[in-house]
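Before anything else, here's the structure in question.
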């Protein structure tokens, strides 16, 4: 068996999605990529989280061909592959129909940056894609879902804004690792919930002043990051 | 004792309703049918979920007569029987007063198809019945509740749209098996919650483009279904 | 020690309030009455639910004097006593600041009867009291809280509508027993939550047709009740 | 090791924030102060709650210098220090991005006193700060966050109103001890949630009559407090 460590990591992250309250039943899927072998480990389609084992993770090449595994990979696999191809810096992807992010996706509205939790994780609004055309749905639905995401990220750094809402569908989140992708999906859900509440209190609410957004984003992401324990140059 | 396997399945599904967060106290009920014997196994009325045993499930004929069991069947039994008679393809029914589906039922509003989670499970909006008339309430309330559901499904495939909202009351969901009925009830609740949020963000929100609805519905239900592991013709 | 059985029942019901998600920290209180001895067992004030023992329940006479117990009774005791005196049919009372019922209480709005879950338990809207006057607050705040509840129930059967919202404060619920009072408090909370959602979907929503309200209320409460296992004249 | 008891208390309160549902992942932080030694024990930055030990709490002087500990203190430490310096009566501080309090903070709206739960804990509205200026963000962001809180509390007793919303950010709560600070953060979250619901039901809702606010606040805080077991002069 190839890439046992990656498979175990992807399996664990799929279980985390349940633990975080982001998925129910067999919904949702997580994947991770080995960039040296260009192989993606992904959740099998429609398998119960209770029964799933690390060895059930399916290995798929970037061309979509199954390299190892007896189960069908997630039906959303072509979307994952399109993102791994277009965003070389990412190492893991999570897809869920989590409640609050899906409310915004269904409304085809981006999540504006209304607070510092948002700014800590997403550099600007969480973007929403356009709807796919009839032709795109018919030809290669899941692959084209990936392509409209990539199209929407023209000019946006995918590691600075590691999530997107697909209009009428739900969120995808990613990160340098599968675990980071799952944490970003959790923060996205929390961010969507608090944004909905803020917009209920003040429907015309505008985004946070830009200099506060920048401060928070750089505090966690910039070269002078001061959050956590392992960054170079951290304050003491 | 007859139909022990069905009774156990129905008992388990009744407990699942609690686990899924769809019912509290003794609310809600699930049933399953043996189509060869035309016998329905259903939860007894007003019994605590903690104390309930598989053998407590009551067997009822389609004429409403108890065939086996010492407890009273659920007071909603005539509604279940009306649905089993009118919808020959279904094998299980679930009734709950789950929170978000009940919000729509109380507003007498159908749940519009605003996203792909909805489209994956319900082919079009989740319909709402009319209110029963005074005469219908007086004569045979529970039976007539079933009849207004059947009336509302004129021209709708009950397995394509396996749930309904009874105006001023709450949801019924069904499926090929009792377990599928419970999962549809859970998805219905999730769908209602995200629809409420989407309508809060955009009160005039219209339904998803029809070609996306069709794509998702056929992906899970059509002859060329690509979701899961057991379907013929699944993509690899 | 007197009335050990009642104390244990009241202790258990206080713990149920936590289990039902109706109270946090030391908020909320439940009591029960022995109508022969005219003694009320009630939760002590400000004691942690984790530490509380059945023997900590305080026995209080209808005149407000402690008959047994070393701890102070709940500061809301005079409210409980006023209700026990005015409503001779009730045997238990629960007070909580549960979230959704409190939202309506703070808005000083009654909960309209929008659905059958409501109608099964509350015969008409759940009423809201007026605000206490400055004089009433100053003189005997907790006792007068009971008195404005009793004033509001002029012409209403307290066992037909076993709950009230105190304006700007929160709900009180009651029943024939402490356990029934707790279950009514839980149903009240659920009813308030679904009503809020329904009113969000349709702010002008009017109450359920009267004949449906009557049917549901009588199904559980009337002489021809058909719900549960122990009622005379139940359908089979 | 110094101040082991304080460290353990602060560690416990940090875990309570998770148990109360106020924080996710590594968000949030709690601290406590030894007023004799003027040393603050605070959560380390970005460490998982599962792995955190009492000895990981970092000791920091009021000048911001680490007195003991190998980990970086929370990046919000300068905010805590500014509050300890300005509010000599407080012994513990909690910062969380709890959902409902954050909704108000992001809307830059104070939480009006709409009910008695609020009045029991917060004497008047929970205030919201102004946004920091660009200069304040650039120069000493976390320290200035503390300073705008202190500025907002001109004329307000910090122990009478033991919480604040920082505009666009989230809540800080405090108390005489770290444990009291955590309980105030929990009540704040509950208060924000019920306020949002009340404002949804009645957007123009005004605050509770002042004489009811005073009654409740004094019932728990005043010299004639009647709540709980340990106060002098409590009613029996």
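Letters A, B, C and D name the chains as they come in the text, with residue numbers starting at 1 for each one.
Criterion: contacts are C-beta pairs under 8 Å (C-beta built on N, C-alpha and C of every residue); 3 or more make two chains touch, one makes a residue touch a chain.
On a predicted model such as this, the values are computed, not experimentally measured, just so you know.
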Superposition of chain C upon chain D: rotation angle, C-alpha, nearest 5 degrees: 90
Same or different contact residues where chain B meets its copy chain A, judged by the half mark: different
Averaged-CA centre spacing for the pair chain C and chain B, given as whole angstrom: 33
Cα-centroid distance, chain B relative to chain D, in whole angstrom: 46
Residues of chain D engaged with two or more neighbouring chains: 200
Overall pattern in which the protein chains touch one another (line/ring/star/complete/other): ring
Contacting residues of chain D [partner chain C, same complex]: 114-117, 183, 186-187, 190, 193-195, 197-198, 200-202, 205, 208-209, 211-212, 215, 219, 226-229, 234-236
Touching residues (chain side chain A, partner chain B) in the complex: 24-27, 44-47, 66, 71-72, 75, 97, 99-100, 102-109, 131-132, 134, 137-138, 141, 168-170, 196, 199-200
